[in-house]
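For reference, the structures are reproduced in the following blocks.
Next come two complexes, and both contain chain A; in the first it sits with chain B, in the second with chain C.
Moving on, here comes the complex of A and B:
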């Protein structure tokens, strides 16, 4: 009990510390970096619903991210609909896409599922490039800055975005806590451990995976909309590419597949690594940070498949034995 | 009509290269059940080695074929021994993530060392073309196509007619039973992986006159190779060869008649349809 309250107190302290950062510094670069960590943490948690808890390796989450982002921007620039509403429409569009992708894809297993998510990602990217009138093609779409307005989610300082994204991350985390403790969360873990056994015990694995993908896509769509508002710009190369899909998955895998705190650790490490290498090597050596990503991914898979978060569990104070969630087999 | 035939010729020529990359991929999958997400990057490595050796030794591209392919065979063997062997028999999630990490590492490592720019290997075949009546057939494409076809035939013979091939087929069926029969599965896996990588490297040499050498060139072939492999039935070498030719033709026709930027769309739509309707491949035997 004491340990439990200890953890909770620690979390509250951590949130308070994070909330205080904009008061301490007004370095826009630092705030922006931390905000990106929040954003990718939320994306990693969303990916984890399907990639971690249900062990269905998706490399197509850029689909949901870019649908959320593009929908929001198009609604705002063309129809003057506030991004606050737009992001929910974007989430809905992403969920419809999830239904279209998930319904047939979940009949496939293992590498086939992953390959089909890549194919859907590429199809959307090609369409985004092709329908120039609607999406701006390769040039992408820009949100024109019309002065500070909370209604349009446009702010002069990074601090406002910082708080919004922090709030969203907390909301996503709480929602994740809710889901993993629920019946559907149990079903998902059963599928991860042994899909056939779960099926034989009466778990409708196909439907459960579909629900997990819908949740995952919806959150990814909303975060995509927020990403667009923060950056003020989307194009197929940045939000719609396989690189984005990989980056989302990477955050969860590096941090810890199938955990809630893992993606936060993963996002901090991955983003920190990018910023550190970029400032150390500068623009002259492009590719350095991505080379390290590749190496990191291989090292994690070969030495700590449960992710970096599993290192934390080693030093935790004694409590109930840690859950063994090392195995993420889909068979 | 003339454009149709010309498109089909162009499609078949590039299809031969797709087939070569995909045959390596499908061999690796067929024997050890691993989808190699870095297959296109080994093609890139083959191109870069060709480029470097051309600069240092001033050897032509075609003589270098006989140098680069063995180098890639060794490279593949080394990668198997250091990395791939550790995920044999593990969940396919780990296998995908490992090869994906390798792919990211190789692409960006190349960017780090040589920069993201396009390089080209000076050669004379680039412009050469045969004129067959109204049709134009670039020499470099014909050579690539013919060598690719020859390599696939040789591989077929190795798999079906030699002791080594029998060991590969036995290991593909069941590594355990193969062990009981005195076959060393690790050795067979290493061999299959090395051959698969060497084929990608060979493809890299063959396309050197046709494509620029740059770190991200593998991306052009990676997804197409997956499509071809699924189309031909995963693990089916003959299927991958015909799948490669088919995808080449589909791509060329849709580029000519629909639009250049939608050429890939047709390929992915076919891919998804095959995946859902005929998961054992277009020419697949039912059951696996």
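Moving on, here comes the complex of A and C:
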């Protein structure tokens, strides 16, 4: 109990410290970097619902991200619909795409889902490039700045975005906590461990995986909309590329698949690494960050396959089960 | 006695291997049926076909008169088909109680109700003391119990135990046999797949023998174990020890 309250206290302190940062500094670069860590943390948690908890590797989350982003921007620029509503429409569109990918694929076992996510990602990227009148093609879409307005999610200062994204990360984390402790969360964990055994116990694995994908896509769509509002611009190269899909997956894999805190650690490492390589090597060596991602991924998969978060769990776990085992053995 | 499971002309092939050939057999309501045979005789495939883990190439499986041949494994579980696996397969990252809850959630509408049901099943199967242990860290005997408890939480009509005594020492096996008797006493029909003839003889009211995917013999345990075809195909000299 004490440990639990200790952890909670630490989390509250951490949130308070993060919330205090904009008061301490007005460095836009620093705020932007931390905000990107928040954003990718939420994206990583969303990816984890399907990639981690259901163990269905998605390499196409850029589909949901770009659908959320483009839908929101198109609704705002063409129909003057507030991004606050637009992001939910974007989430719904992303969920429809998830249904189209997931419904047939989850009937099969094997790499079909992963392959479909890659293929779907590529199809969407080409469509975004092709329908120039609607999507702006390779030039992308710009959100015109109409002055500070909370209704339009447009602010003069980065700090406002910072707090919104921090709030969204906390909301996604709490939602994740709710899901993992629920029936669906337990079913997902069972499916990840042993699909046949789960089915023999009445778990409708197809439906459960589909629900996980819908949740994942919906959150990713919302975060995609927020990404668009923060950056003020989207193009197929930034939000619709496989690089983006890999970056979302990487955040969760590096931090820890099937955990809620893992993607936050992963986002801090991956985003920090990207910013560091960009600062050190600049535009002259643009492939350096990807090379470092690859090296980092190999090191983590080989040394800590459960992700960096497992370093913390390593300290917490063994005591209780070990005691119980002694009891069993002595019966 | 009426048949709770009625299997008619069941076939299953894996590539060129005909694992189950035109199998016709019944499991009567309330009995403990022993399903025996040499390795590769099709016992586990039959269990997988009945539980829906595999789909049959042809033939029919009736559960209490209802055709379940084309019904999915989860729906069969809901209808009352429970099973354990040959190799123990607990959900490793979950606690013992959470493992049992997965089964209980099928009938219980809330997590609280499922937890209560799981606690009752843990008590029934002697797992209360280890209820909070992670199942990945359990010894073999406890894992076997957990497999059984998980399936029991489904409230099955038929429970198929696929070599649930494998890897147990004599005293653990004795405790296992007692647990199966206790489960049977609650009115659950049991299909007991086993190589340990001592356990088969002490538990089963009837035995079906499979060989190369086909039904070789069936009847009372002592009669079957004396059957020359069964002795030749499976038991060798061991059969007469129990006959």
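The criterion applied here is as follows: the second predicted complex is superposed on the first by the 314 of 331 C-alpha atoms of A that agree within 3 Å, B and C clash if a C-alpha of one lies under 4 Å from a C-alpha of the other, contacts with A are read in each partner's own complex, and residues count from 1 in each chain.
Criterion: a residue touches a chain if its C-beta (ideal position, glycine included) is under 8 Å from a C-beta of that chain, and two chains touch if they have at least 3 such contacts.
Since the structure is predicted, the reported quantities are computational estimates derived from the model, not experimental observations.
By the document's definition of touching, of the two partners only chain C reaches A:187; chain B does not.
In the superposition on chain A, A:202 makes contact with chain C only, while chain B stays out of contact range. If you count the residues of chain A touched by chain B and by chain C, you find the higher number for B. Using the contact criterion defined above for the overlaid structures, shared-chain residue A:177 touches neither chain B nor chain C, since it reaches no partner. Of the two partner chains placed by superposition, only chain B is touched by A:123; chain C is not. In the superposed model, A:78 makes contact with neither chain B nor chain C.
Shared contact residues on chain A (touching chain B in one structure, chain C in the other): 327-329, 331. Across the complex, chain C meets chain A through its residues 51-53, 72-74, 77-78, 82-83, 85, 89-94, 98, 101-103, 105-106, 111, 114, 129-130, 132-134, 137-139, 142, 150-151, 153-154. Looking at the complex, you find that chain A touches chain B at residues 55, 57, 59, 104, 107-108, 110-112, 114-116, 118-120, 122-123, 126-127, 129-130, 246, 253, 285-288, 290-291, 293-298, 301-302, 305, 327-331. Chain A makes touch with chain C in their complex at residues 181-183, 186-187, 189-190, 193-194, 196-205, 258, 320-322, 324-325, 327-329, 331.
Against chain A, the residues of chain B that register as touching in their complex are 29, 35, 83, 86-87, 91-94, 96-98, 100-112, 115-116, 215, 223, 226-227, 230, 234, 259, 261-262, 264-265, 268-269, 271-272, 275-276, 279.
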